[in-house]
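Reviewing the structure listed below.
Labels A, B, C and D are assigned to the chains in the order they are written; within every chain, residues are numbered from 1.
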Amino acid sequence: KTLRWSSPTDVTTLDPYAHTESFTTSMLHHVFDPLVRRGRTLELEPALAVSWKNVKPDTWRFELRRDVKFHNGNPFTADDVVASFARLLDPGARARGNIATVRKAEKVDDFTVDIVTDGPYPLLLNDLAGVYILDKEWMEANGALKPGNIATGVTTAASTTAVGTGPFKVESYKPDAGTNFVVNPDWWDKPQHNLTRIEFKPVKSDATRVAALLSGELDLIAPAPLQDLGRIGSASGFKVIEEPSLRLIMLSLNFRPELKAMPGQKNPLLDPKVRQAMWHAIDMETIKKRVMRDKSRNTGTLVAPPVPGYAKENDAILAYDTNRAKALLAEAGYPNGFKVKLNCPNDRYINDEQTCVAIAAMWTRAGIQTELQTESRATYFPRQDRGEFDVSMVGWATLPPMDGFSVLSSLLAAQKDGHGGSNSSTYTNPKIEELTRKSASELDETKRRGMLVEALKVAHDDVAYIPLHQQPVAWAVRDGVDVPQFPDEYVRLWFATIK
Amino acid sequence: MFKVILSRIGQAALVMLVVSAVSFVMFRYVGDPVASMSRENAPIEEKQALRRSLGLDQSFVVQYGGFLKRTLSGDLGISYRNQRPVTELIAERLPATMELVIVATFLSLALGIPLGVLCALRPSGAAARLVQAVSLIGISTPTFVTGIVLILVFAVTLGWLPSFGRGQVVEIGWWSTGFLTWSGLKSLILPGITLALYQLTLIMRLVRSEMIDVLSTDYIRFAKARGLPMRYIHFRLALRNALMPVITVTGLQIGSLIAFAIVTETVFQWPGMGLLFIQAVSFADIPVMAAYLLFVGLLFVIINTIVDILYAVVDPRLRARSA
Amino acid sequence: MNTLASPNLIMRIGAPISVMLAALLALVIVGCALLAGWLAPYDPTDLSTFELINAEIPPAFTADGDSRFLLGTDNQGRDLLSAMMYGARVSIAIGGGAVLLAASIGVFLGLIAGYFGGRIDALIMRIGDVILSFPTILLALLVSGIARALFPQAGTAEWAPLILICAIAIHEWVQYARTVRAATMVETAKDYVKAVKVIGLPGRRIMLRHILPNVMGPVLVIATINLAAAVLTEATLSFLGVGMPPTYPSLGTLIRIGNEFVFSGIWWIALFPALTLVLLVLAVNVVGDWLRDRFNPKLRVKR
Amino acid sequence: MSNRQPPVLEIDNLRVEYPLANGGLFTAVENASLIIQPGEIHALVGESGAGKTTIGNAVMGLLEKPGRIASGSIHIGGKLLDPTSGSADGVVLGRDVGAVFQDPMTSLNPLFTVESQLTETLRTHLKMDRAASRVRALELMKAVGIPEPERRLKAYPHQLSGGQRQRVVIAAALSCDPTLVVADEPTTALDVSVQAQILKLLRDLADNRRIGILLVTHNMGVVAQIADRVTIMHRGKVVESGPTAEVLRHPKAEYAKALIGAVPRIDMRLDRFPVVGEEAKGRAADAREAIRAKAFRADATIDGSEILSVENLCVDYVTSGLIPGSKGHRFRAVDNVSFKVRSGEVFGLVGESGCGKTTIANVVAGLVKPTSGRVLYQGKPVAGEGGIRRVGPLRQAIQMIFQDPYSSLNSRIRIGSILAEPILFYRLAPSRAEAESDVAQLIEAVGLDADSAGRYAHAFSGGQRQRLSIARALGARPRLIVCDEPTSSLDVSVQAQILNLLKDLRDATGLTLLLISHDLAVVRQMCDRIAVMKSGKLVEEAAAEALFQSPQHPYTQELLSLVPTLDRIRGETEVA
């Protein structure tokens, strides 16, 4: 049984260590297995490792699964794990950062390995769920022991051939035209799917993808465009499946001394009252209803519910209240409002441009004269990184670790010591700095979560970002196709069944 | 002969030098590969390291110099996105685009010229007016709309033709062709029409406009006086005199279709040069873009040389000049 | 022997009904665009009037319509009719401006290249080759990027059109140049050009006064057709973030936005702007064809 | 002779109208009737613009678009021509009716070789195959006397001289043995020897094949030599018609008398050309006077000093092949020609068609670069191997009148503007209004209505266009005019007026003329000295009278002997 499906993005490379893209990682998961993986409810569960324990605060010991075979027939052993880690830890590996804290992997015996980290590190298992194991013999035979890197253009045999232990084997790989998989009959796990073959065809254009589904050329499209869900749902023989995604959309506020819109004047956004006023001025209910077609979930905090760090009490939205907003602005010394530029991508998040137009209109009504500019992701993100925007849209899904710590570390902490990678707004708060550093090495999960919650509360009260909503994941399938959906937007077809 | 070729080669080299320089300037404005290559929670140090490893921290002159040196030694780099040597990528994508362009150009010439002649012969006839109006509607509708409408009608509603992709292709050496399989041929129809529409209208109207002029000349009257069949007069004698702008425009169009059939290729997910290019742009895949633009520069020099030679083929009065 | 019938006004202008209608149509569209500020029921560029609640209301004449919005509203709650009027203004300014600029540059350089030939011809044509090597969109990105770097207000609704015009024209002139060059080469070989050369007229004057009218045919055709392309290019550029801000949509942008909703049955957002564009292009082409024939004295009397 | 055979052409009360752009109506032909029997050559003569070409076009159903047959009938071979469709049942253009158009330059499609244009007719009508049609085309080329026919078959029209093109057009018209040939000034571009050859060919066809020929011409000598009957037209009306001898010897209508009186004589030189009703054309005469006055220049002296000197001039044409750079064919059109022209003289250049006259004219005018040798104007080089140097006053000083009136006027600019151009450019008139009146004067001076200024070139007959291009050259008030067959498309009366004008200008202002012509009578009347060319070489140069009285070179002698004159009228010789 063949499943034909499509998404707008394509598989970048077959070398799992040469890239950091989540879509490619998700696709390669069909071919490779990690030591631990996420199950049907996204809980971490054994995969190539059957059990693990902390032997020292910085050393984890993994017991490996026996009788596992690679697609080429080679047996899976500790050597493969050690070679894979060595390959990933190579400075040339593009995905090196995914296990930034891992120092090395050591063979204990044929089916036991130790993984040593830089000091105590609570999120190791989360990270390992993204580390796929390659076959050492194959790498040796094909000169692929060193990793490829899409950034530097280093390629190896592994860039176009994938030999893993996973549920499917790559049959053919043609960028932009399609990638085909066939089932691996010798998979170590008991298959929950009934597929014999997967044909993946990237289709960039939304409308074409929908059309191809409706014309019966595809069984599944992921994602399906929001505005077409109604039509697909009402067409006979097709259905829409949806679920809130982990991805939260928020507005990043510039904390530099000046705004681009008002050169030479003090940045009004530095005043928390102004930030609250801006939040109060946004009518998220209407945006949800009109722009997001009731598919989104409005949020008051910076992480989604399933993610560690989420707390109901933080998830409080400042109510839409233009008068209150105006009052706050007056209190802050801007009775006549001020000027601000709002920048948004128009091809990255679901209905991003529409959301921003709506917000610009709402702010203008509240007295904040908003000049909106939208652009394509290719130019938007570099500019955002350079801190060129006053207010801009950010989406955050806490991936790959799927943990609230990612928000602290990347969005809230200042840019130093390896933190603040996406905090281009230069927001800083001493309390958050402290909590970020403490939680980074806290092995006690309850305490750690407490710290995350506390930090996110600070961020909420201080309006470090204005959270907007949680995006939906919407897929469309033809009847008879059953695929589970995941808030991390991964496609896991080893759970799929078709009739 | 030798001198002509030499000077053309020299000019081509110059064109490509300028193209490469301009494209390097341009990359500052079309995005930063670092942003699209970084994972979500990459710390700032990691991004900087990436920028360094890409050589993006160096000055423009150094980057450009390095690029030129590599290019001259025949190394056009490896695509960030596709992990393949750029030359190989372009060679791989060329057949898809070429076949599409051949179909589109064939369609636009095969329909555009006769329709243009028809419109010139009976400028106020009902058929001519209808054809002209329809073609104008065709071009003032954006390609993405036309493409989608065609897909909706022929793929979704009628189910006759595939909505995307190339169908089954046959490999002949490094060339992959869709002409030899039924599904390959069917896949060519919709994108071919979509791509041809603009050209078709342009060619039709140019032919019409020039034909009207030519038909009032003495040599056409003399041809009539010799009793030559009307079809022969219109399609062989007069048409040839009307062809100059058509040749120019067709040449230019073929060039830009090969290079930049971006929208059509995106709508139909046609794995050709346009798609390669647009993906490279949205990914800020600088090696692909740079090499690609060089290729296109070369392409245009070649096409325009051929067009210039064609002028001389069509119009003997220009032969002295073209030599 | 020379009996003069008394010709009435219509005869004097000599345009057939279809041309008159087309001209009228073009006038109406252009007029509505120019007078958008007075004619449009709402000001779609005033952000404070946007009411998301009103989004996607169908046209007034349909069952679910709302009499406040004759042609319905777009996805932001803007009155579509008003948005179209303002949008047409942007599109006509940018499309028309770009075509005019491109045609002027192209015709000028084409004449020079075709008339003088040799080095200058090679130079102009190779510059053309360079420009052709970049897609319009990339070149426009470059132009507006540089413009932005030079002066910061380039992105605003007032300045963006100018930049867009330059950005589009900088690519499009090549087509005119090459076409005109080819035609000029043919014309230059004819006796009437020789005749004025012997009179001793300078090249400039020969080109502009004598050759130009004889090579304008294809230029008019390409220009009238390119108008549509330029309007749509503007939409693409706006999408890429180098054009008009989304709060000031052009016709092309409206079509692009509307296109996303066609599947979901919200047809009016795309249909009306597209219709306007089609009608505009149609009208311009009909009038353009007629003008072209008028320009040609041989066809003057023919109907 | 079987008179039961229907006449090949019968025109009865024909009226042709051109609706004008301003809503008016122009009647080009009014109540014209004529009959041509098989084997008869019928000459149609008359003033330029009288409607001769229009009649020919009407017969072939090829009237220029708005033009239409308003009344009257045309029968071809007894079959009625349908005035709306312009065709008669069973009569095939090209097979049954052959046409020679007035203008050889534009009758041939510039993009096709002579061969393809000749053979396509044969293949269409006679269903010949490629090889057979080529053989026949070669025969035809020989029949019309084109030298090196094999090579010229492969040539493109622009590579042929005016006369050669004219002969190709004739060959094409005759290729399918039509029963009726409409020949519109078939020999104007030809030198006398070729003309004689063509005329003989036409006569033979008429006599042996019983072809009827409608021959439009300005050359009364030609009429006298071969026509059986003559019709004289004036302003759209037939003023006289009858057997050649009768009409030529005893013209009855005023106009006919004047026309015949105006024929230039070859046997003696007159001071001025006799002119048709000069008195009647008072306005034109006044205008001419004004121009003469304006052109008067203080520096103009007829001192006999050397004004133009052509030294060892050679011009090669290289026909390049299709592939750029491939070895082309090199053809020497002008071979080591030297001559000097003195200030104020009329220097004649005669010779067979294709001998390089136009080429020399082009070199002098600065349009063609010589391969070697040079041209000096008042001692200063204007053209040489290095290129063409014409600066400042030199440009104004040398003007040219082109052989081909059809393509030398820009079809998109009003006549008035074309003529005003040199006047305004050289600031010869203080104001625009002044320039306009100058233009009006020029137009009247060449015998056209001043309101022609508002029209475009296509609305004029061949002769009228030629007069306009003469007016344009005069407008620049040059010192030297290179006249490339300035009057070959003019009727004798207008020709006389124009030549008189040029002559007068010469006398009054010291204008120098380099006159190229086929019409030896004209040459004799006009020129002071004459050079005779053959195949690119200068074979004889002598004072005009000397040359005509005692030609030295055999070629010159041959030319002179072949000139058709009014003295040898066909009807009479037959009778005699």
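As a working rule, a residue touches a chain if its C-beta (ideal position, glycine included) is under 8 Å from a C-beta of that chain, and two chains touch if they have at least 3 such contacts.
Worth saying up front: this structure is predicted, and the values here are computed from it rather than measured.
Colleague: By the contact definition above, name the pair with the higher C-beta contact count: B-C or A-C.
Modeller: When the contacts at B-C and A-C are counted, B-C has more.
Colleague: Could you put a whole-Å number on the gap between the CA centroids of chain B and chain C?
Modeller: 22
Colleague: Can you work out the whole-Å distance between the CA centroids of chain A and chain D?
Modeller: 86
Colleague: Could you grab the centroid distance between chain A and chain C? Build each centroid from C-alpha atoms only and quote it in angstrom.
Modeller: Whole-Å distance between the two chain centres: 44.
Colleague: Measuring from the mean C-alpha position of chain B to the mean C-alpha position of chain D, what distance in angstrom results?
Modeller: 50
Colleague: Please list all residues of chain B that touch 2 or more other chains.
Modeller: If we look for residues of chain B contacting two or more partner chains, we find 29-30, 144, 148, 216, 281, 315, 317.
Colleague: If I count partner chains per residue in chain C, which residues reach a count of at least 2?
Modeller: 141, 189, 259, 262, 296, 298-299
Colleague: Which chain A residues touch at least two other chains?
Modeller: Touching at least two other chains: 207, 376, 379.
Colleague: What's the complete list of touching chain pairs for this entry?
Modeller: Here the touching chain pairs work out to A-B, A-C, B-C, B-D, C-D.
Colleague: Write out the stretch or stretches of chain D touching chain B in their complex.
Modeller: 60, 62, 65, 92-95, 97-99, 101, 103, 106-112, 120-121, 124-125, 156, 158-159, 169, 172-173, 318-326, 328, 406
Colleague: So in the complex, which bits of chain C are touching chain D?
Modeller: Contacts found on chain C: 1-7, 11-12, 14, 189-192, 194-201, 205, 209-210, 213-214, 295-302.
Colleague: Which residues, counting only chain D, touch chain C once they are in their complex?
Modeller: On the chain D side, the touching residues are 19-27, 30, 65-66, 105, 158, 235-236, 362, 365-367, 390, 395-396, 398-400, 402, 404, 407-413, 421-422, 425-426, 456, 458, 469, 472, 476.
Colleague: Within their complex, state which residues of chain C touch chain B.
Modeller: By the definition above, chain C touches chain B via 16, 18, 117, 122, 125-126, 128-130, 132-138, 141-142, 144-146, 174-175, 178-179, 181-183, 185-186, 189, 217-218, 220-222, 225, 228-229, 231-232, 235, 252, 255-256, 259, 262, 270, 274, 277-278, 280-282, 285, 289, 292-293, 296, 298-299, 303.
Colleague: So in the complex, which bits of chain B are touching chain C?
Modeller: Residues 7, 11, 14-15, 18-19, 22-23, 25-26, 28-30, 123-124, 129, 132-133, 136-137, 139-145, 148, 198, 201-202, 205-206, 209-210, 212-213, 216, 244-245, 247-249, 251-252, 255-256, 259-260, 262, 277, 281, 293, 296-297, 299-301, 304, 307, 311, 315, 317-318, 321.
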